[in-house]
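Consider the two complexes below, in which chain A is the common component and chain B and chain C are the respective partners.
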Partner chain A sequence: MTRAIQGFIKVCDEVGNAFLFFTEIIKTLLFRPCRKSLVLEQIWHVTVESFATTAMAGFFVGAIMAVQFTMQMKEFGALGYLGGLATSGTFREVGPLLIAFMLSGKIGAFTSAELGTMRVTEQIDAIRCLGANPMQEIILPRFLGIIISSFFLLFLGLVMSVFGGMFLGYFLAGVNPEEYVRHIPTIITGPSIATGLVKCFTFAVVLATICTQKGFYTVGGAKGVGRAVVSTAVTTMIAIVVMDWLTSFLGEVLLHMVTGS
Partner chain B sequence: MIQFKNLVKRFGERTVLRGISLDVRQGEILFILGTSGTGKSVLLKNIVGLLRPDEGEIWIDGQEVSKLTEEQYLPIRKKCGMVFQHPALFDSLTIYENVAFGLRRHYQFSEIEISSKVKKALGLVHLQGVENKRPGQISYGMQKRVSLARTVALEPEILLFDEPTTGLDPITTNAVNQLIQDLSHTLKTTSLVVSHDMQCALSIADRIVVLDQGKVVALGTPKEIKNSAVPLVKDFMAEVQL
Partner chain C sequence: MAAKSRNRIIRWKETLEQLHFIANGSLSIIVFCVCFAAIVTIIESSFHMKIVIQNDSMVPGFAAMLILRELAVVVTALLLTSRVGAGIAAEVGTMKVTEQIDALKMLGIPPSTYLVIPRLIACTLGTVMLVVVANMACLFSAMAVSNSYLGYPPAIFLTAMRRFVQFQDLILAIVKAAVFGAVIPLISCYFGFRCESGAEGVGRATTNSVVVGSIAVIVLDFILSYAFSYLY
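Let's look at the complex of A and B:
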């Protein structure tokens, strides 16, 4: 029982610290914005590093969804709707989630390791001694760069998932690409796309906050950097799943309020 | 110039500095010696506001600084240049950009002025032709010297060295020690050097302070320290004689 309470307190502590850090970043963004060139450098770096991996992951996520739906829909003779259903499922749920997991492993781990190394080799202290604000100089550019790039990469992954689904649909179920695409607009509605995009944005913010925070507060030399990277990976994945549930739940509530059904 | 008044610093349950009181005189080279974990680096970091004391006061040029905000601390950091234990160079920047980093943040110099100050600072540490290289492309000893140049470029009145010779070979160690002495005389700075190296302290320090378990156990000129009856100082001296 005591362990459970301690665990709960630790989780609350983690969430509280992440929120405080996020508030600090937003304050810096509002009152001490960083140079645009630093943000562009980060966007370029993150996008180039993860472009191919995300595109590939997106393609296979779509392909997986197509395989799963093919099995079910063959029984009902409704393969014509494969494109619509697979794409809807990918856009609303599976796509953002799996691609965000992949990005958390790649961008999140890299950023926390980079910042952690800067911390343990006293580069962050040096920045303060040289008259600069580390939040403004290194955290804010990375935070904005990761959000913008991740959002773009997640979107790219979702687009690639359509191609993946189309490809598998053609070779596995013999669904013509034209037919696959034709039913996408009939099943995918505005709210589906909005849900996908909101999730992409939320996951990007979660990823950017956690990896910069974990890296920035690294302690304990090389081992500390290792711990920060592991902690980033675990915390990000848990936070993404929780945010996925939260955005789905809030989306449903909002839809219910708007449509009244 | 710098005064510590009953300085206490704790990390959780552990008290690292236990009421340090010390006056640092203008223009002197003061060596801070002690075994590992006695709070030498913590003392330096308190001066530049990287750490804040839990009790006590720090006075720099007649100003109490321990309770200043991060913004208010900027002029103090301009006055106190710190050379870290690690070179702490920014990997993504060239040597030129590393040395120019503080100049760009603290001052509004033109690019021509920055360029001349960077060259002058690198000249002071006897480095030429490395401006366009990245930290990873030069040796560790050279990185330490670039780190020194980056601090010196700001022309601080106080130089703080945190174990400047750790991890260096004997020849580079001597060169860095000589550099500290030369810079202190050339730039007329006050220098605080955290070190384990009693031999070096005896040869270039104006005064030496020895810390043990967060307290000052000995303070004096090299000659006074040599004759000290404090057991820890005797241990340090025994090592020098070996």
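Let's look at the complex of A and C:
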């Protein structure tokens, strides 16, 4: 029982730390913005690093969804709808989730390892000694860079998933690409794409906050860096799943409020 | 006698230790994540079904199928890649950097039987067990949500489920789990053994193992789904 309470307190602690860090970043962003060139450098760095991986992951996620939907659609003889359904399922739910998992391993682990190494080799303290603000010089460019580039990468993954689905639809189900694409607009509407994009943006913010926070507060030498990397990956995944649920739920509530039913 | 015990291929003590770390340590996180993923599946697929066929009576069966065939096993495998895979790569990499692996070789213990095989066995077994638990938890939470959110009581959920999924879906999920469970430690150990010296090398090995592990899981999942689509 006491262990359960301790665990609960630890979870609350983590959530609170992440939020405090987030507000601090926002404060720095509003009052002491960093140089644009630093942000651009980070965007370039992160995007180049993860471009191929994300494209590949997106392609295969689309292909997996197409395989699953093909089996189901064959039963109803509605293979024409394959394009629309598989794309809609990928865009609204599975795509952002799986690609964000992938990115949390790639970008999250990389950034927290980098920041952790800077922390344990006292480079961050050195920056503070030089009279610069480490939040402004190190954290903020990374935060903004990760948000912008992972939003872009997630969207790239979603676009690639359409190609993956199309490829598989052609080879497995015999739906030719033209027909596949033609049915996408009948099922995917503005709100679907908006949900996908909102999810991508939320995941990008979560990923950026957690990996910078975990890296910035690393303690305990080289082992501490390893621990920070593992805990970044795990925490990001949990946070992504929870945010996935939250955005879906809020989206549903908003839809009810708008349509009035 | 001592020499015999040193050269055994399967070391049960290490295997059990690893099994405890992999299965017991990841259980709560995996159940938590998988439950949320199931809830999202129900909400989103009800949204789709309402657009396509104007009612959501097929949501339970469809969600159960998606959960059993894809969601539970892939989410579990990806979580294990980042938790267990990164842990193994960091551990083996640190051993390599601090020359503990060379020390093992000098003692006449092959590093593969001491480090790789216990992790391989433990991770394969652990993933299979975790996937069974994750499927259960996933279906239960889907049932609970469809009861409270869509208004389908569990009896209707189970009846609808029977139409879409068979027992072989669970068996194939277990096959997938065994494949993913075997791949994760192999990739992590590979990057751990090839780790370059210094703290940065360990960090890079960890990152690489997570990235390559997740890609391997997604690609293998595609291959296995494609292969199994001929069995249904």
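What we mean here is this: the second predicted complex is superposed on the first by the 261 of 261 C-alpha atoms of A that agree within 3 Å, B and C clash if a C-alpha of one lies under 4 Å from a C-alpha of the other, contacts with A are read in each partner's own complex, and residues count from 1 in each chain.
Here is the rule we use: contacts are C-beta pairs under 8 Å (C-beta built on N, C-alpha and C of every residue); 3 or more make two chains touch, one makes a residue touch a chain.
Remember, predicted model here, so these are calculated numbers, not experimental data.
Asker: Mind checking the superposed model to see whether chain B and chain C fit together on chain A or clash?
Answerer: In the superposition, chain B and chain C stay clear of each other.
Asker: Contacts for A:Q72 in the overlay, against chain B (first) and chain C (second): which applies, first, second, both or neither?
Answerer: So A:Q72 only meets chain C here.
Asker: First (chain B), second (chain C), both or neither: which does A:W245 touch?
Answerer: A:W245 sits against chain C, while chain B stays out of touch.
Asker: Touching A:V225 in the superposition: chain B (first), chain C (second), both, neither?
Answerer: In the superposition, A:V225 contacts chain C only.
Asker: With the two complexes superposed on chain A, say which partner A:A100 touches: chain B (first), chain C (second), both, or neither.
Answerer: In the superposed model, A:A100 contacts neither chain B nor chain C.
Asker: According to the stated criteria, A:A113 is in contact with first (chain B), second (chain C), both, or neither; which is it?
Answerer: A:A113 contacts chain C only, not chain B.
Asker: Where does A:A208 make contact in the superposed view: on chain B (first), on chain C (second), on both, or on neither?
Answerer: Neither chain B nor chain C is touched by A:A208.
Asker: Put simply, what angle do chain B and chain C open at chain A, by C-alpha centres, to the nearest 10°?
Answerer: Taking chain A as the apex, chain B and chain C sit 100 degrees apart.
Asker: Is A:Q123 touching the first partner chain B, the second partner chain C, both, or neither of them?
Answerer: Once the two structures are laid over each other on A, A:Q123 reaches chain B alone.
Asker: Is A:G131 contacted by the first partner chain B, the second partner chain C, both or neither?
Answerer: First partner only, chain B.
Asker: Which touches a greater number of chain A residues, chain B or chain C?
Answerer: C
Asker: Nearest CA pair across chain B and chain C in the overlay: distance in Å?
Answerer: Between chain B and chain C, the minimum C-alpha distance equals 12 Å.
Asker: Which positions of chain A touch chain C when the two form their complex?
Answerer: Those in contact with chain C are residues 53, 56-57, 60-61, 63-64, 67-68, 70-72, 81, 84-85, 88-89, 92-94, 97-98, 101-102, 104-106, 109-110, 113-114, 116-117, 120, 172, 187, 189, 221-223, 225-226, 229-230, 233-234, 237-238, 241-242, 244-245, 248-249, 252.
Asker: Which part of chain A faces chain B closely enough to touch in the complex?
Answerer: Residues in contact with chain B: 121-123, 125-126, 128-133.
Asker: Which chain B residues qualify as touching chain A in the complex?
Answerer: 45, 48-50, 70, 74, 77-78, 80-82, 84-90, 101-102, 105-106, 147, 150, 154
Asker: Along chain C, where are the residues that touch chain A in the complex?
Answerer: It comes out as residues 29, 32-33, 36-37, 39-41, 43-45, 47-48, 51-52, 62, 65-66, 69-71, 74-75, 78-79, 81-83, 86-87, 90, 94, 164, 199-200, 202-204, 206-207, 210-211, 213-215, 218-219, 221-222, 225-226, 229, 232.
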